[in-house]
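Shared between the two complexes below is chain A, which has chain B as its partner in the first and chain C in the second.
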Partner chain A sequence: MKLGNLIIAGLVTGSIYAVFAVCVAVWYRVCNILNLAVGDFAMVGALGVDNLYRVKGMPLAAAIVTTLAVVGVFAYVYDRIVLRLAQDGPRRMEGIVVTFFFTFALSFFIDGVAKMLFGTDVHAAPALWNGQALTWASLHFERAGLLVLACAIIIGGAFWLYIRYTLGGKALEASGENPIGARIAGIDTRRYRWLIFVGTAVIAAVFGIVESPITGYTYLSGATISLTGFLAAAYGGFRKPGRALLAGLFIGVLEALLGGYVSAEYGDTVLYAILAAAVLAWPRGLGFESAVSG
Partner chain B sequence: MNGLVSMLRTRSLAPTGVVVVVGVLIVLAYGPAYTGAVFVLSACYAIVTAGMAVQIGFSQQIAFSQSVFMGVGAYGVAMLNTYYSIPVLVATPIVMVGAALAAILLGSVVTRVSGLALAVATLMLPLIAVGYVSATGFLGGAVGAPLTATLWPTGSSDAIAIGGGLVTVAFLAIAVFVASRILTSDIGLELFVLGVDERTAAAMGVRTPRRRLELFVLGCVFAALGGAAYAGTQQFVPETLIDPTSELALLIMLFIGGRRSVIGAVAGALIIQYLQGASNWVSVNILVVEGVLLTLVLLVDPEGLAGIVNSGIAWLRGRYGGGLPALPTPTRAATEPDADALEALEALEAVDSSEPAFSASEIPGGPDEAVAATALLECKAVGKEYGGLTVLDDVSLALPRLGLFGLCGPNGAGKTTLLNVVGGSVPPSRGHVLLNGEDITKKAPHERFYLGISRTFQAVHLIKGRTVLDNVAVACLASHKSSIVTRVARSRLDDARDKAAQTLKELGMQNLASREVSSLTLENQRMVELARALAPGPRLLLLDEPASGLSEQQRYRLADLLRAVGEMTCVFLVEHDLDLVAQVSQRIFVLSGGRLVFDGGPDEFRSSPVVNSLLVGL
Partner chain C sequence: MTDKQAALNVTGLSVAYGNVVAVHDATFTVAEGDACAITGPNGNGKSSILMGVTGMVRRRGAVEIFGTKAPNGDVRWAARHGLTLVPERRQLYPELSAADNIILGCYCWTRSIGRARRSASFGRAIDLFPELKPHLKQPAGTLSGGQQQMVAIARGLASDPKILAVDEPCLGLAEAVARRVYDVLGSIHEQGTTLIVVEEAPKRALTLCNRRIEVRNGVAGAA
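== the complex of A and B ==
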């Protein structure tokens, strides 16, 4: 049952990548900016709750609400000041090269502030669902893992349904495809930009709180998560949340299998080599065609 | 000798001069002191960012390979030194050759893709490299690799510090020299176009895959040189040198300094490293500082500090320079278009009367009846499908060497697709395209450009941020078959600009030559695009809706111009304006639903029931 347990572990890790991939993909769809800071919001969620609860002695519920509120307000302010200037200002950001590095700066900034506030040690938010791992046949299900998986499916599925079946989803798609056309058609593209930006930031923070008991976070963990989420989003063609979700899960399972069967030391190296080879072999199949011209 | 003289005169030497003077002064003044050490470390990074300015900033080929190749340089020197006791100065060239070979191998795989695909594929490189280094232990693993030797081999510790500093400055000067020479050469113009719009670059004859590979190798070799200098001056190679954080730090230096400016990229590296070395607070909170600085700089000017300084200089000139305004005054600009177009016509008519229009018999090889009779362009049973959608269905047509041929059809009829199939940017699903009897179906757009196919695009595809002259010069470059390295010695950008100026003069547009293209009216932008397509003297000119967005008067002027062009070469014109097409074309093709439904002269075209029902709605 090694295989089964590896797949379960892989699905849990994969669902982390999947949620961040979905967040990256949805926002890219709205405003053509790749948000590479999304993982940093998760780190802030986890370390923020830990700090307020364990160090400051706040009740857990209050700590969670406060942390999420801070993340939401920060994201809103960032949108109002920086993104507004960048996208609507006199010198509009253009081309993938500039926008690509824009959120790098945000990521660096958040990590730096987190280092000041939370230090450099590994911490985690307290587990929300305590107890022994659930066992079925010889398969082990960690409770935190199940929670993560459930969150991923709910969040990813909700976005997918929203985009596919609602008018708001269509408007959101239009905002990214042709911002000027969308505005002429009466869609407030700026509103969608901040709504999705704040929304994905809060979702990421929630996810960080739920997930951190499994892996533990440092102030630098956000960048790593963003990176893998970004890769999963890439394999979903950046604009397709559904495909990004599947790609995230697949990468997680592949990582677990490589670690379990190939080599614990070289597993990740082999994983990245496989992922790079996939991009090079089927750039169009993975949806890069549309992304390239941006 | 001439080349050397012109090289010395060019502006491209200024950045190198600045680097040498400032670098040598700082090393001599502060050499063994802490400030000197900080400067030398930042110079190592600056060598890398100078290469990135060419590869990532200017040509917009984002490849995350710098930290890895910095590692190749640093570890290479460390290993050659530790295991074979080779001095650093000898090991450096050996390692550079090795890095170049490795970069060619790796680059020929990864540069098959471009844009985000290239970024994503190379994003794995630092991750793979870190995984390898920390798992093997051969290179010192997570601990790092120490060196026993130094860049400057012997002497007191002061001599080693100053000598090593001077050698590093020399390396940096070489890097800046090569980078700025390339950017100011004709290949620099190619790279600029490649960065802005790869499709236009290919249509203008730029060998995009080859340039991408050359850029990748250049970036890697510069990074390896920076890495070698790092190992030689720091005497220690930490594992963190190659990880993604270090890659991002390099990118941030580049973007803060100014992505398209070599001297800006160097300044960015110096500033970030200096701040870290000078203040302990900055060093601890470097992430916050870099994040805030990068955000501010990008918001003020996407071209970074170099862009800010340039705008500042332009503003000062505009304000205090008096006679040197940055742009022509708007009143003059407003009166220009009409005069231009009229002059254009006069010029072309003058050309026509003095040199009687080319006739079939005058074309090279013309007297031979058989050659004259073969069509210039032939499409044989061309079909194109996207998924299950048939866009072109069994289209066959032939165009002779001279004349103007219209292509009409309702929206979605496949007109632009047919033009793209001929131009080479879209491969057909079936059928063949022949130019002069030669099958060119499999040829890339840039190869078709060499064969004399030139085109314009439906939406204006000019290169923003460059002058009209440079936009036209793009089509006159002789550099396509040369390698990037040859342009360090001699640029032939002036030849291309001369040829472009000639074309602009013939079209009566010389007074627009120094204007930046995005400041032009739509009519003038379309004229510039036409000039760009005409400049290389094409055998086949593909025009995609040149009249769209023009007023009626502007269309009249365009029609006269097109008639004149049609007497000199073969023009294939896609156009929605039926009157314009009927006025200028000697034969018209109509596509509908991907099929050729009409083929005849302008009179037939006007009276044809098929055309009337399809296009006029009668």
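== the complex of A and C ==
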């Protein structure tokens, strides 16, 4: 049953990658900006709830609602002030500056504020589903892991359904594919940009709250999370949330299997070697060609 | 002008890109039911007139659609009030299917995909181009130039326009395909939609249009 338990552990880790990959891919699809701060919103979710609940003594539900509200309002204000000027202003910028710079800078800004507010120690939001691990036919399911998996399925499924089956979802896709064509159809691309930015920031914060009891967060954890989401999103060409979700799950399972069967110490090295080889072998199939050519 | 209602009333329209003035003080009226050609050499401001009128670019001057003053730079408002642009170079969404491209034309009047699919305007847009039916699930970017132009016109029709402004509909198309596009524009006009067609070649435009506005160096005048 080692294989089964490794796959379960891999699916939990993979669902973390998957959700952040979906957040990165959906927003990139809307406005062609890579959200390198998505992990920082997760960190703020986890450490914010911990701080309000454990340090300030606020009830857990109130701490969660307050933290999510702060994250949502902050993301909205950032879009209105910075991203709006960068993408819609009279001196709007294009290319790599907009694609990377403004969210990269935001990531550093959030890290700095988080260090002042939460310190440098490892903390986590309180577990939302307490108790012993569940066991079924010698398979072990950590409750926090199941919550993470359930969140990933709900979030990934909701995005998939929205994009595939609603006119709003198709308008969202059109916004990123051709902003001029989207305007012609009366689609407010700016509205989609802030809606998805705020939405994915809050989703990341929720995920941070649910996931942090497993790994624990510091003020620097956001960058690592963003990187894993970024990596999985890259396998979906940054534009295909469904493929990014599958890539995240696959990377998580592969990482767990390599750690369990090859080497716990060098598992990550082998993993990245395999991922790099896959990109070189099938750039078009894995979406990298479209990511480069746009 | 006759006793027909003015569909589009443009007064003192100017469009500039930075310091470059593309359109200077254009004034014209298009009556309901007209088919009006805007002609002139390339680079003289024909497309900029349509861009300014539909709100795709900021403008100076006044635009009225069926007697109501149009806000500056608001494409959605113009589409909701009956004026839809079929732009030069089509501006489709290449990774979305042809059907999705067309149905997004309905976005200016509904958010419900069910209502959009059941609507008369979407049905009319699909029915006008039977040659598109086998390709509706195909990504628009993989269609031929002629098919893409048909998708762009169908997207415009799905918005249920009273005035359809078509910019260079035959750009880069083979003669036979261009004739087909003009046939379709003719039947759209016969069904009661007011047409504005930007064309470099006045001869072709006048096979369809009953009026012509000539644009030279950003200045529009009746021809």
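In this section, the second predicted complex is superposed on the first by the 290 of 294 C-alpha atoms of A that agree within 3 Å, B and C clash if a C-alpha of one lies under 4 Å from a C-alpha of the other, contacts with A are read in each partner's own complex, and residues count from 1 in each chain.
In the analysis below, a residue touches a chain if its C-beta (ideal position, glycine included) is under 8 Å from a C-beta of that chain, and two chains touch if they have at least 3 such contacts.
Just so it is clear, the model here is predicted, and its values are computed rather than measured.
Trainee: Given the superposition on chain A, are chain B and chain C in a clash or a fit?
Mentor: With chain A aligned, chain B runs into chain C, so clash.
Trainee: Is chain A touched at more residues by chain B or by chain C?
Mentor: B
Trainee: Once the structures are superposed on A, label A:Val113 by its partner contacts, choosing first (chain B), second (chain C), both or neither.
Mentor: first
Trainee: Touching A:Leu85 in the superposition: chain B (first), chain C (second), both, neither?
Mentor: Only chain B; A:Leu85 stays clear of chain C.
Trainee: In the superposed arrangement, does A:Pro283 touch chain B (first), chain C (second), both or neither?
Mentor: first
Trainee: Taking the superposition on A as described, I'd like to know which of chain B and chain C A:His140 touches: first, second, both or neither.
Mentor: Neither partner.
Trainee: Let me test your reading of the model: by the given contact rule, A:Lys170 touches which partner, first (chain B), second (chain C), both or neither?
Mentor: The second partner, chain C, only.
Trainee: Once the shared chain is lined up, is A:Asp188 touching chain B (first), chain C (second), both, or neither of them?
Mentor: second
Trainee: Which partner does A:Ile180 contact after superposing on A: first (chain B), second (chain C), both, neither?
Mentor: The answer is second: A:Ile180 touches chain C but not chain B.
Trainee: Enumerate the residues of chain A that count as touching chain B in its complex and touching chain C in the other.
Mentor: Dual-contact residues (chain A): none.
Trainee: Which part of chain B faces chain A closely enough to touch in the complex?
Mentor: 56-57, 60, 62, 109-110, 112-117, 119-125, 127-128, 131-132, 135, 198, 244-245, 248, 251-252, 255, 259, 284-292, 294-295, 298-302
Trainee: Quick one: in the complex, what on chain C touches chain A?
Mentor: Residues 54, 56, 75-76, 79-80, 85, 87, 90-96, 100, 103-108, 110-113, 116, 155, 159.
Trainee: Which residues of chain A touch chain B in their complex?
Mentor: My answer: residues 82, 85-86, 89, 91, 93-98, 100-102, 104-113, 115-116, 220, 223, 227, 230-231, 234, 238, 265-266, 268-269, 272-273, 275-276, 279-280, 283, 286, 288, 291-294.
Trainee: Mind pulling up the chain A residues that touch chain C in the complex?
Mentor: Result: residues 165-168, 170-171, 173-174, 177-178, 180-188, 239 of chain A touch chain C.
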